[in-house]
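In the two assemblies presented below, subunit A is common to both, partnered first by subunit B and then by subunit C.
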Partner chain A sequence: MAGLERAKEDWYPIAIAGSTVDGEQLDTSLLGINITLHGDKDREISVTADGNNLPVQTRYDHVWTTFSENPRPLFDIPEADEAGRVLVPCGVVRVKCSPLRAVENFLDIAHFPFVHTDVLGAEPHTEVEPYDVKIDETIDEVIATKVKFFQPQAAKSAGDGIVTDYVYRVAAPMVSILYKTCPPKPGSQDVITLFVQPLDEETCNVWPWMALYDYENSMADMISFQQMIFVQDRSILENQLPRKLPLDPKMEIPTRADMTSIAYRRWLKRGGAIYGALTEAV
Partner chain B sequence: MSFKLYNYVLSGNCYKVRLFAGVLGINYDSIAVDFHPGQEHKSDDLMQLNPAGTLPIMIADDLVLTETSAMLIWMASKFDSDNTWWPATDAAKTAAIVQWLGFSSDLTSTIGEARLHTMLNRDVKIEKALADGIVALRRIEAQLTEQGLRGGAWLVGESPTIADIACFPYVALAPDAGLEHDDYPAIRNWLYAIRSLSGFVTMPGIHEVHELRNEGD
Partner chain C sequence: MVTEPVGLSNNLPIKRVMPARVGDTDIAVWRSASGVVSAWLNRCPHRGMRLSHGFVRGESLACLYHGWQYGCDNKCKYIPAHPALEPPTTIQTMAYTVVEKHGVLWVSLDGTPEIPALFEKLQPVRSISFNCSNEDVLSALAETTLTCDDGQVLSASDMQSQNILILDNPQNKPKLAVLFQKSSAANVTAHLLADNSWSIDGLIRISRWCELVRRRAEIKIPDNRRNL
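Then we have the complex of A and B:
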């Protein structure tokens, strides 16, 4: 299958760290392959596919696994270790769409006023100002900077509408990280990520995770806010056809807001990361 | 504040109360509960309030209510001065409404459960939940079609009642579980009518009636 070998080189999230108990088994799927997570004594966890152990590591409050003996290193989020941040794993949301579509939607700000109305965007503030996008060859990531957008309620911690500054990073084909203005701590940025577990090419588990400066709101408030946002996206994502992400440039009309998504698609294609993609016009 | 609600943003049952409060134009105190992934509704504190371990929980005056039917009746009795949402003195109508309030629990245990599976990965007997969900949708479709033949747009009588509020969430959220509305024309009209109510509030998966706002865009 196209892109499967490349996809096997990456790490993927399959559970929240500490969420399984001793002896518990959890069957799930990764890249179309059945795998089992075994909760173990002392919260040590093993993952097997067809009886064989897979590499496992716990990072960013999630359990990660890979099919490769020699995987690409797990991306770095230095902010995860900054003192004072509240780390918020938001739980899994399953979506019937390509894992790449879930990432791409996360990178797109133009949909905010229409899908996250009166929260992440509002009419008439629908215009996306020009911003910078590049594919950083040295670290092999897509990076968008100087993104600005008016938001009625940028975060649970935001009082009034503000112009939010964003930086986006695609750190792996199925990992997207954003940095945005942190309402209660000017000068600092909240970190919000989507870690995507590809169940197969057309279905994924999405594990949103955040590293925030927010001492006002309860954990339940912060999780609810993020789940509200992401489930609003879910109903849009499930209606996108084709379910796989088209990579052929002829299949889309670029707009300025879509610059990150164009770069993302180009980067996927160039790197052969086409698991979950449509590479020919249908 | 009129009442306090232990609330979860993705819960169809909590949404019944949020929606009715919107329609009646009343404010309330909302306390977010980490239902997923935290299972906070099963925590000692909340189990003490509601031994059934479900949401929503409403603190209304001195009452602790854990059944949405009770909450909707309390809200209507207290805040709907026209007595149309819960026509308390009309025996036939209230009886018919209570039938549908009961039926709305079947929506929770079928479509609601299927949605927990498809959306939040809950371990559920999915084939049965979906099959029973379809039966439930057909039942609503039949009732709305009959009402339509009599010129009505609502489940009971000639105007919206708490029966409509109680059944709306999981019928509207059926696509979240993979059950589309395409085969149910009467349901589609009814969903549209409810979404057009003044004071209507959305939830993730249930949108505003944009067609009314942006005609021709």
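Then we have the complex of A and C:
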């Protein structure tokens, strides 16, 4: 299958750390392959596929696994270790779309006024100003900077509408990290990530995770805010045709606001990260 | 390709959009503020979003995802992310021929509308969808009868050409016609048209009758095959 070998080199989230109890077995799927997560006495977790152990690590509040004995290193989020941040695993949302479609939607700001109306955006504030995008070859990431957008309620901690600054990183084909203006702590940035578990090419589990400066809101409120946002995204993601992400530019017409998406698609194609993608026009 | 009935005119008021299916083709049908009907491939050219989830503004259909607006000439009129930009005329939806006749919306995928001339005296009643195969619907239809206001009992006669089922058709004056929309193996949509002999109570009876047909048709298939 196209892109499977490349996809097997990456780490993927399959559970929230500490969420399994001793002796519990959890069956799930990764890249179309059945895997089982085994909860252990001391909360050490093992993951098996067809009886064989897979590499496991716990990071960013999630359990990660890979099919490779020599995987690409898990990406770094230095901010995760900063003192004072509240770390918020937001649970899981099952979405019937390509894992790549889920990531691309996360990189998109032009949909805010229409999909997250009166929260992350509102008409008439629909304009997307020019921003910078690059494919950083040395760290092999897509990075978008100087992204700005007017938001009525940028976060649970935001009061009135503000112009929010964003930086986006695509740190792996199925991992995106955004940094955005932190309403209660000017000068700092909230970190919000989308970790995507590809169940197969057209179905994924999305594990949003946040590292915020927010001491006002309860964990439950922050999680439900993020879940509300993502469930709105799901109504889009499950209605895009085709379900896989088309990489041929003839299939879908972009505009200047889609610079990040264009770079993401190009980067995927160039790196052979085409699991969940359509490489030719249909 | 036969022209397919995809809905009833009175179920598509102005400034509304609805999804439809002709065989494997996903379609969005919408009516502008001035009443113009369009039928398009149900896919925004920008990022593939189903246009049937969009919203009508004046003479344009806007995609729900990014608000791109497409006019009745199928061309993109407005991209909200770039309000000052004149969208290139190459950005357009994939349009099909749609004709409104006999109170029914007819779509032709290949551009040549062929609409049966049989229904001049018939009025649209309602549409109904079945989560089962065409055969299940036809066999449930054969098992049920419908009573007219004058006491006459109707039963399904032979299937006419073009997927039209006529109920009691002695002198080519059908009291009730069922138009079947070409659909998938596990899903059938039908549109009901009645002549002017039916009272309001009679039309309600027609509506209940087709729901009875649906209950019987859907019960014919085992649960694990049901497309719930």
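One rule holds in what follows: the second predicted complex is superposed on the first by the 282 of 282 C-alpha atoms of A that agree within 3 Å, B and C clash if a C-alpha of one lies under 4 Å from a C-alpha of the other, contacts with A are read in each partner's own complex, and residues count from 1 in each chain.
In this text, a contact is a pair of C-beta atoms (placed from the backbone, for glycine too) under 8 Å apart; a residue touches a chain by one contact, two chains touch by 3 or more.
Small disclaimer: the values here were computed from a predicted structure and weren't measured.
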Which of subunit B and subunit C A:P152 touches, first, second, both or neither: neither
Contacts of A:Q240 with subunit B and subunit C, given as first, second, both or neither: second
Touched partner set for A:V128, first subunit B, second subunit C, both or neither: second
Contacts of A:G39 with subunit B and subunit C, given as first, second, both or neither: neither
Touching partner for A:P89 - first (subunit B), second (subunit C), both, neither: first
Partner chain(s) touched by A:N205 [first = subunit B, second = subunit C, both, neither]: first
Touched partner set for A:H111, first subunit B, second subunit C, both or neither: second
First, second, both or neither for A:G3, with subunit B first and subunit C second: neither
Subunit B and subunit C contact sites that coincide on subunit A, given as residue numbers: 235
Touching residues on subunit A, where the partner in the complex is subunit C: 108, 110-111, 113-115, 123, 126-128, 235-236, 239-242, 246, 251-257
Complex contacts: residues of subunit C adjacent to subunit A: 26, 42-43, 45-50, 53, 64-67, 79-83, 85, 90-91
Residue ranges of subunit A touching subunit B (in the complex, touch as defined): 16, 19, 89-94, 96, 117, 205, 218-221, 223-225, 227-228, 231-232, 234-235, 238
Sites on subunit B touched by subunit A in the complex: 8-10, 32-34, 36-38, 40, 118-121, 175-176, 178, 204-205, 207-208
